[in-house]
Amino acid sequence: MQKITILIHCKDQKAIIATVTTFIAKVEGNITYIDQHVDVEQNVFFMRLECEFTNPDTTLEGFKADFEQNIASTFDMSWDLYNQEQKPKMALFVSKYDHCLFDILGRYSAGELNVEIPVIISNHNDLRSIAERFDIPFHCVPFTKDIKEEGEARQIELLEKYQINFIVLARYMQIITPNLISLYKNRIINIHHSFLPAFPGAKPYHSAFKRGVKIIGATSHYVTAELDEGPIIEQDIARVSHIHSVDDFIMKGRDLERIVLARAIKLHAERKTMVYSNKTVVFS
Amino acid sequence: MQKITILIHCKDQKAIIATVTTFIAKVEGNITYIDQHVDVEQNVFFMRLECEFTNPDTTLEGFKADFEQNIASTFDMSWDLYNQEQKPKMALFVSKYDHCLFDILGRYSAGELNVEIPVIISNHNDLRSIAERFDIPFHCVPFTKDIKEEGEARQIELLEKYQINFIVLARYMQIITPNLISLYKNRIINIHHSFLPAFPGAKPYHSAFKRGVKIIGATSHYVTAELDEGPIIEQDIARVSHIHSVDDFIMKGRDLERIVLARAIKLHAERKTMVYSNKTVVFS
Amino acid sequence: MQKITILIHCKDQKAIIATVTTFIAKVEGNITYIDQHVDVEQNVFFMRLECEFTNPDTTLEGFKADFEQNIASTFDMSWDLYNQEQKPKMALFVSKYDHCLFDILGRYSAGELNVEIPVIISNHNDLRSIAERFDIPFHCVPFTKDIKEEGEARQIELLEKYQINFIVLARYMQIITPNLISLYKNRIINIHHSFLPAFPGAKPYHSAFKRGVKIIGATSHYVTAELDEGPIIEQDIARVSHIHSVDDFIMKGRDLERIVLARAIKLHAERKTMVYSNKTVVFS
Amino acid sequence: MQKITILIHCKDQKAIIATVTTFIAKVEGNITYIDQHVDVEQNVFFMRLECEFTNPDTTLEGFKADFEQNIASTFDMSWDLYNQEQKPKMALFVSKYDHCLFDILGRYSAGELNVEIPVIISNHNDLRSIAERFDIPFHCVPFTKDIKEEGEARQIELLEKYQINFIVLARYMQIITPNLISLYKNRIINIHHSFLPAFPGAKPYHSAFKRGVKIIGATSHYVTAELDEGPIIEQDIARVSHIHSVDDFIMKGRDLERIVLARAIKLHAERKTMVYSNKTVVFS
């Protein structure tokens, strides 16, 4: 039995839900999940739908063509169809911080993440032994301002070789090139260690300490050309007080970074996020 | 333009969404909100739908009859239709604690609650002056074990007189009679000062203190014949530590009680809750 | 039996705690609360202490003089002593938003706030009836850019007349003049409707909505000459998602504003806050 | 420079703080942290103190003897002194669930936990490969009702061999024997997957689902003879709703279990917890 996930967005129009659900019923699809959202301000309709086909003669290719011709073209939809059996392939980019890497690999090994991780790419060799401990290929790709082009070329080469669907920056401390960002549009997830838009850029815990905030946070977002300005996927916070030093902020923040990044990976891997106007729709 | 809210539940079946949304489209209803839930375990389908009728000839009565005949009876639905213009009438039951009463009346006066409050009923006279300050009729209905029947009779008389749709127990310290509960099934909201099912019954803050918990809570729920066992609508918590006394628990708990009760009132007033199997579906 | 609260700060030095506690013991003071904090970075020592004098001959004046001479001058302390029987007098500044006003007056009436509220000052007349409902004198003091001087003069006149100790801006929508700020240094509390430093200035909920954050917040802080830059007393947050409109943000935010402002008022009224380097020490 | 942590409790009496801090000053100890708590109800005084000795002639043994003779015996104190350089040795007990194990070992490898983990003990062999991946000795000690005595004997033998100071049950699914509990009194930490006292015993997520709660939780506590009744160290919660299945509860709960157990381990390892009356004092 084929199980698929469909993501749709288009201009809001009458009878979209009725038309889509009627079509699915007609081709013997059994809807197991449906959710929709209308952005009233911008008049955009979003839908996420899971269904299974009980008729063994239904092929994904056939369904795709039919849906495109009968439904998607009529409503001028942008849409994607995912086979639930195919796990997305995720590349991890890391530098020297190991806490998010340990957390992700622990979850991966424990079977919590519905992804494959065929490769870890780093601009340093420090974390190689962790990758080896979890039996995941590790490639060191040096990257500095001076060797940006070579670095980017090597990154892209590896991403192609491993057929990577999306990238997770697990405290990767280098800029991602505009070229790579456009190749993986809305498919590069970063974790920033503040509740954005507060404290973008470097050393947010130090800035938070200096400002005397009573709450610190972490934010996972899709990477865009503007640093720390991309669509936010998930945020969380922890309380702090005058008794906490910058080091305490950093230590508490590690838990936030782990959790908020792991949630974003899950949401993306399960195709629960859609991006528009530099924001996300995150289906539950 | 008529605006309505529809709540539906029935056995899960094929094509419910398609059929309902197609029907609404046919009668020129514009769906402005739709959400659904399937309880997979029990095979029950739930739907909440808001729509506006652009055709001035559409009457609520006509629509109701058509929907019942064409849709509801086909799928064997239990369903309710609410005219969004009609605010539900809510009775407040109080005793001597005033913090929830102040909070609800403050919100009511500030226009936050989409209800009418035609009457406050209490088994004591202590809070009469607050009711007067907000110009709401206040009736003292004594209630003890010995005069249960008279008390209940007088309560029901008042509820009928003021055409009450639902009741909120804002720290009302008496038992509600089984008869009144069945008259207002799933329409009596209580606030209990613990995160149920922990610490049911009397003096939950004292029990929480004795047990040395690090978190206290409050729970709003529909009242059933079993004390503190009804369907939970909303819960929230606050952190405590060894430095807090029972009095600190009580003081922190007041904020929880206020917030958790206010949220439950809003959800119920906006017809966002449905009850089944002693649980709630709470639409967003 | 006299009960007092002492707040101390000074350069961190050896044996401060030993010296202070030994002194208190010598004058037959029974310490019922003591907490201290050292800002290691800036080498500053902070202490909060509550004690009661069991000897009826001890006078506050006598104790004050002795402590100043024997302890405070030795360690070059800045310190304050408060008689716990004297409730601080708090002025409320409001404009047109009524939710924080209702909340504060409800808590005040319910006996939750250890303050007196002798006066409410507003630049509009809209909320006069609420003040009257709670029997609190209400003065309309018009205030615009053009009549700043008159406005400020009238405000100060009222603050003096009512012997006000500290001011709470309960969504007061005008600038406080530098002169008034310096008269009430670290004694004017504002509530800002964002988790500062994100979204300072006007319309933070609109900015938060536009940025697509998943968390909104509120911040209470002491007012300084720099708008929304003062020492933060308390912050809290609520989760939001793509389904929430700006109006939903505003509605959810009202609860945050209420709670976060109420907590700040309590902390200040109970002399649990100290300010330094544009930050607060908040004792528990 | 010697750095130590002292934990004290005794009947509340006058001048304890003054006497202790004066004594420390006299022996050239520099207090870097001090916190105290009085349980007013039970009249018990608790203190946690960190200090460093600047005089190289000060020995721990000498200090201990002096403190015992001059201070502790006077106030009839129970007290402990820890050398901050000596990391406590922690044994991990596991069964088949791997998520807490991965989390703890990831944190351990990342240098977050101030402990040594010389051994992992399990009643199954399933998780052996994880232990090997992190180069930690793994011993399978079968344990069932029928072989309790042998199991316990082997556990104690291993704990002695590895000189274990405290035990962490990372979702260990067997009963700990009363004998082992009394050997490690207040030194065995368990993680229970509910916000106790709600849902003690087996399958708490299933019970929570059945009850229709809107909040799930996890609780770390010291193990006592009464199942899930020991002193609570830390708790945390996550929101759930009608859309979540039991499996969703379990998945969300894994994050709670990880975090709440890790926090308890840190608190215990840094000697921030004290137990009395089946409750904990948790210093910050």
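We call the chains A, B, C and D, going by the order they appear; numbering starts again at 1 in every chain.
As a convention for this text, contacts are C-beta pairs under 8 Å (C-beta built on N, C-alpha and C of every residue); 3 or more make two chains touch, one makes a residue touch a chain.
As the structure is a prediction and not an experimental result, all values here were calculated from the model.
**Q** Count the C-beta contact pairs for B-D and for A-B, then tell me which is higher.
**A** More C-beta contacts join the chains of B-D.
**Q** Could you find the chain whose CA centre sits the greatest distance from that of chain C?
**A** A
**Q** Roughly how far is chain A from chain B, centre to centre by C-alpha average, rounded to an integer in Å?
**A** Averaging C-alpha atoms per chain gives centres 38 Å apart.
**Q** If you average the Cα atoms of chain B and of chain D to get two centres, how far apart are those centres in Å?
**A** 42
**Q** Could you check chain A for residues that touch two or more other chains and list them?
**A** Touching at least two other chains: 243.
**Q** Quick check: in the complex, which residue numbers of chain D touch chain C?
**A** 14-15, 17-18, 21-22, 24-25, 30-32, 34-36, 38
**Q** In their shared complex, at which residues does chain A touch chain C?
**A** Those residues of chain A that touch chain C are 37, 39-41, 195-199, 211-215, 217, 231-237, 241-243, 245, 277-282.
**Q** Using the touch rule from the top, collect the residues of chain B that touch chain C in their complex.
**A** 98-99, 102-103, 105-107, 109-110, 112, 130, 133-134, 243, 251, 254-255, 259, 262, 284
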